[in-house]
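Going by the order they are written in, the chains are A, B, C, D, E and F; count residues from 1 in each one.
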Amino acid sequence: MAPSNYSYKYFNVTFPQEHVAHVEINRPEKLNAFVEEMWLNLGQIFNKLSHDPDVRCVVLSGAGDRAFTAGLDVQAASQGSILGASGTKLDVARTATGIRRHIFEFQSCITAIEKCEKPVISILHGYTYGLGLDIASSTDIRLSTTMTLFSVKEVDIGLAADIGTLSRLPKCVGNQSWVKDICLTARQFSSEEALRFGLVSGVFGDKAEALREGFRIAGVVAGKSPVAVQGTKSIVNYSRDHSVEEGLNYTAIWNAAMVQTEDVKAAMLAGLQKDKKKPTFSKL
Amino acid sequence: MAPSNYSYKYFNVTFPQEHVAHVEINRPEKLNAFVEEMWLNLGQIFNKLSHDPDVRCVVLSGAGDRAFTAGLDVQAASQGSILGASGTKLDVARTATGIRRHIFEFQSCITAIEKCEKPVISILHGYTYGLGLDIASSTDIRLSTTMTLFSVKEVDIGLAADIGTLSRLPKCVGNQSWVKDICLTARQFSSEEALRFGLVSGVFGDKAEALREGFRIAGVVAGKSPVAVQGTKSIVNYSRDHSVEEGLNYTAIWNAAMVQTEDVKAAMLAGLQKDKKKPTFSKL
Amino acid sequence: MAPSNYSYKYFNVTFPQEHVAHVEINRPEKLNAFVEEMWLNLGQIFNKLSHDPDVRCVVLSGAGDRAFTAGLDVQAASQGSILGASGTKLDVARTATGIRRHIFEFQSCITAIEKCEKPVISILHGYTYGLGLDIASSTDIRLSTTMTLFSVKEVDIGLAADIGTLSRLPKCVGNQSWVKDICLTARQFSSEEALRFGLVSGVFGDKAEALREGFRIAGVVAGKSPVAVQGTKSIVNYSRDHSVEEGLNYTAIWNAAMVQTEDVKAAMLAGLQKDKKKPTFSKL
Amino acid sequence: MAPSNYSYKYFNVTFPQEHVAHVEINRPEKLNAFVEEMWLNLGQIFNKLSHDPDVRCVVLSGAGDRAFTAGLDVQAASQGSILGASGTKLDVARTATGIRRHIFEFQSCITAIEKCEKPVISILHGYTYGLGLDIASSTDIRLSTTMTLFSVKEVDIGLAADIGTLSRLPKCVGNQSWVKDICLTARQFSSEEALRFGLVSGVFGDKAEALREGFRIAGVVAGKSPVAVQGTKSIVNYSRDHSVEEGLNYTAIWNAAMVQTEDVKAAMLAGLQKDKKKPTFSKL
Amino acid sequence: MAPSNYSYKYFNVTFPQEHVAHVEINRPEKLNAFVEEMWLNLGQIFNKLSHDPDVRCVVLSGAGDRAFTAGLDVQAASQGSILGASGTKLDVARTATGIRRHIFEFQSCITAIEKCEKPVISILHGYTYGLGLDIASSTDIRLSTTMTLFSVKEVDIGLAADIGTLSRLPKCVGNQSWVKDICLTARQFSSEEALRFGLVSGVFGDKAEALREGFRIAGVVAGKSPVAVQGTKSIVNYSRDHSVEEGLNYTAIWNAAMVQTEDVKAAMLAGLQKDKKKPTFSKL
Amino acid sequence: MAPSNYSYKYFNVTFPQEHVAHVEINRPEKLNAFVEEMWLNLGQIFNKLSHDPDVRCVVLSGAGDRAFTAGLDVQAASQGSILGASGTKLDVARTATGIRRHIFEFQSCITAIEKCEKPVISILHGYTYGLGLDIASSTDIRLSTTMTLFSVKEVDIGLAADIGTLSRLPKCVGNQSWVKDICLTARQFSSEEALRFGLVSGVFGDKAEALREGFRIAGVVAGKSPVAVQGTKSIVNYSRDHSVEEGLNYTAIWNAAMVQTEDVKAAMLAGLQKDKKKPTFSKL
């Protein structure tokens, strides 16, 4: 599949390293704030990357110096059909049905990141607000910078966040008192807090440095057997949402096929050899 | 609903800030240790606060300098019907039935804190032992002081803790080795450990300072849309106990009604305006 | 049950303290790497300890200076039936069935540690790789040393880890970004990281010191009512995999019988007495 | 507990047989249609019966010749706060919150039948519409007459039934096509259909005959060990909502206490004896 | 949305009654056997109907006299990529990944029927084999004819059925011994059996008669409030897969919005009026 | 594996047809009532059959004319450690622990039938009481005779049945009112009822006829691809205990390996050929 298939107004999709894709949110003049077209495109991009045999790992970042994304473009949303003040009063149940369908569609665009079979590393710099956290909590590895400013912003516009933050955050981090604090107050917090309480796993001096580390990790991941890597993502995600016993069962069924891969032999051979030549693996 | 409805022997219930209730455990001469009347009352209080339209956030603390609560009043319990030595030997199954009913009733009193639709902030100072942790782990935000002494005390009286600590603690914090350590040994631990391993999200110099911070946070929460705040508590609690997919579904159904609130328009308008006048929201 | 029942080629099982068993993986010349006989024996040992009335707590460690265990003996495995290159090409479905059965059997040996009714404390020193983490994540309390080297090694041999690490690790620690990082890259990490991100709850200067602390904790646990201790392990494990409400229900059913134990009276009496004589409890 | 405790305007609660209570819905002039006071009282009655040591089985029926119950008193409801047309337009979210709380309270009154520790046998005669099916599906054994007329009536008033029918019916019967048919069309159906598709387990000539059979079964149940009977209800209900494996686990924990009852010895002795004297059991 | 949007090679989509759509599988010369294009189109059709405001109920049937559908077009499938004999031997894990993706896509096309917000009535006549049962078990109401021949055909081609029959059938019917019998033997069974064991809820003389009854039911459903009807389908489907308690909770959250509909007033007014004029409801 | 490995005092294990095993409970002089040795052996037998490559289907029946099995040998049990009256009064908690372990072991012996990878057909004739129903509900297909007498007998000895009946029965049949009736009253019921309410799928004139039909079905099953048959059992069992969505997911992961089997080609080829030669399949 050629890169030309990945042409979008608000996203730069490039392939700067072998087997590594780079998705850049590209609306820097608006702090990468999202309008509807953007989340629809984001979903399409990750659905494609999921099955793209040339891709083994993805780095997701925001263009410009100021923001990963400031979240929903509230001004645009306030004029739209969902959050906007409609003149005509529709029946409450019918309006609710429209909203429910809209939320499901919006959620599924962000969930596409989690469902993408290839690991996704997010580089969170500058403003990472609202939808920015919905997106970040759907990625596999989160890195930030000393200047990142986080906020679960939604209560500030009268909303319980509904695109995933409230469902994923409690499972990402290890201090539920802190989760409630940041979700209920919508207060800003720093990378230092994000690291200490478990939201990110690395903090770097600036965006460039964080990107370098992101691509370094992506390179390591892309160098491993894609059968092993994609199985690992699938099993860890499944286990998060199931009992240990269910997780073990899923793992056994999954690996009954996957252990038959040629990659095991290639990897084991490479590991046992003296010269440690890097093994190569077929596309997946 | 007037404050006069909240008159209890062992609890002071006051309304020191707009939309903020303060529940104080008030048996300081016994380190705020609990007798049966107390947990029954605690359940009633939080059931009432849950639907009280004047209340948007609750602060829970212990009276006196020495303890949030030292837990169950063991001396009283040892003379009671459950843990006490009954002279007559009842049938094991009938005794078990009585105990089961008693535990369910006791649990439901503490669970009332978790089910309270309004967020609850606990201020943990001095002894926070046994039942103190059952209670604390049912609150949304936990703050403590440099002098707090914690202990999951139950194994010291021959019991696996049964009022919630063992079910909630593993989901509150992010180090299961530590959870097992403190639950199996009943050892004392400090606020420093509690913060490091994820049980509390803030530690303050003394009780007064922790209370100030608790009320500051409560004020912030009470200033937001109650529709957004109560939805956030409900969705985070639901998501803790369900898969991400179930959480997303619940969120969409919930918000299908809630997004139709006038609060969104009020909050968005206030946010978009230059002068940042604080929006006001109707009771809930 | 006499210690003579615990005689195994690759394991030393001793009883150095009252009510405390010590299981030592004993293949130091191979960095305690596991061959099939070893995991089968490990499962048998913990199944026995689970019901051994003389045992109330178990310490698990590795012999020699260099490793808790370096994991699977890959060289042996590469000649075995599962990962080895079989000359004859079996039908894929039939091979998958064989692998599935094999994984289930392997998993059940390691799960025996988690199912062991008595708490298990693991002392992780030196190399703790691959299967070493499957084993460690099945224990209740994890202690390590400043020199421990951890790695979720499996992707390096082309495999998604299938004996439990990927199912248990996300529930042991409180930073999912870090979990994905170490599972997807197979990189080495230190005790400092393991402690900071929540995998271990204590780090000690060297193996001897960690063992001393392990036995000290084991002594404390073994001194408590075994009814309380085993109930605590059972309820915490159950609660990890269920909703809070299910956890509370399980606790009430469990304790309906267990609160009737004589241990409660013995423990409460000892606690209320001035001289704090240590209570004694019957075997379990 | 004396029968005098069971005095309600719309319910006759009597104790016509040893250990058997009879709850009769008593508003025959309105086809036993429910107003709010009635479901609140119904909940209270079953909460009391649940722990009443003199009661081992309950028969639930409707007074008069014409109806078990025609369901919600729609005329009354249409003037009430929930379904009624309120003049003032409240905020949608606040109205939704009020409705949600109301539904939860209503549901919990009907669920009290299911949670009642003693088995409940319902005698369904004449009109059994709407709420009548919510109630019937919460009972343990359902008997009807050749003249019973059933209808899941709610869609006819613009509602998806919300007091339990839609959640319990699919688990009561064994033909989901039929469940959807009757729920989506609100059509009337007969006892013959109800029996054939699995909603009732017996159909009798008229109400008197069905009542006689109900009391006969109640007598049999009340003659068994209450430990065994109440355990059976609890385990079957639990198992309906859990996997077989969870059900088995619950059963083992439950019976660990319950098998210790004296009733087993009494029942076994009676069973082994020649003269088959009926065993007697203590209250529960 | 105009009918012209529903133009497909192998499906006739018409709107023969107000608010009722008719989807006809149209490949009678091949017994309506499915090729890939067909299930992709089937998914698209039901995704569209789900949100089509003019549609309130759907009837699904097969063209011609001989079959609802004989299932997968095995001859075509045997030349395709999945079941076909590929000359080149791919890596097992990579082949498994391709198959898994393919099955997920195939499943989602059939699940579109279940997820369609509007009720779907299937008319099963003649051969209803293999995929025919996957499809039928995804519909809400199943009607058949005296001449229908059913078979869970998949084991006859060496497959465990994977498009839904094995997951849905055990929940559709009430005799698991029979489910295992027909799934393990692939034997033919008649409408008489299908009705007796709970797979269909009505059997008619021939296809024309069954279609008439299907459209009659569809007309009844389409005449009710679409808010009530769609809520009923959603809640019954949700409850099938959740505990009663979860089902009740979902219902309350759902109805908190839906009870606010104008339809309740319209329906209640119509019901209370003497002349029983049929109420009209807005689109949904 | 040779039949000689299947030699047990109370069971005849034979191989009367190709790929079909016959397990006969053989204690006819005691109505095939079970003593502890028997259920331990039953578990061992089905664990072995599960992996025996010569076996593709199992028929389970009782020796003699009078009973499949009358259940637990109560006289023996009354002298044993669990139900028997022990002279010394042990601590309640310690007794409960012993009972719990015993129940788990007993359950796992019966669950071995359900976990056996090969389908099991039970022939229920004469007395099928108590444990007989625990066993029957663990089999895949249940056939009985016009003379079979069923009873969920346990409440008659003061027990809630704990070896599986109460967990499996509600999922086997489609009339929960009937399930409660037979479980709460311990009354006898006939094959006619068992068929009508969904417990069995066929009733035959006598044991010989039922056995013939059992072996006929077993022959059909054994003639199909064992990959397809065992996958079907596994997926139907999994789906019974999971949501439809989880079931679909499990199916896709399972079949990702299994569809690669040579059996598909063999079966499809045989199906497409004119002469319908029966395909042959390798062992599994």
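Heads up, the rule we're going with is that contacts are C-beta pairs under 8 Å (C-beta built on N, C-alpha and C of every residue); 3 or more make two chains touch, one makes a residue touch a chain.
A quick note: this is a predicted structure, and the numbers were derived from the prediction, not measured.
If you lay the C-alpha trace of subunit C over that of subunit F, the rotation comes to 180 degrees, to the nearest 5.
By the residue-number overlap criterion, the interface of subunit B with subunit C counts as different, with under half of its numbers used by both chains.
Averaged C-alpha coordinates put the centre of subunit E at 33 Å from the centre of subunit F. Taking each chain's centre as the average of its CA atoms, subunit A and subunit E sit 35 Å apart.
Residue positions of subunit C touching 2 or more other chains, listed in rising order: 92, 95-97, 171, 173-175, 198, 227, 240, 253-254, 256-258, 260-261, 263.
Per the touch definition, subunit F reaches subunit D in the complex via residues 74-75, 78, 82-83, 85, 92, 95-97, 99-100, 103-104, 107, 111, 114, 154-162, 164, 166-171, 173-181, 183-187, 197-198, 240-242. By the touch rule above, subunit E contacts subunit B in their complex via residues 250, 253-254, 256-257, 260. Listing the residues of subunit E that touch subunit D in their complex gives 119, 140-143, 171-175, 198-201, 217, 220-221, 224-225, 227-229, 231-236, 239-240, 243-245, 247-248, 251-261, 263-268, 271-272, 281. Those residues of subunit F whose C-beta lies close enough to touch subunit C in the complex are 51, 91-94, 96-97, 101, 227, 230, 257-258, 260-263, 282-284.
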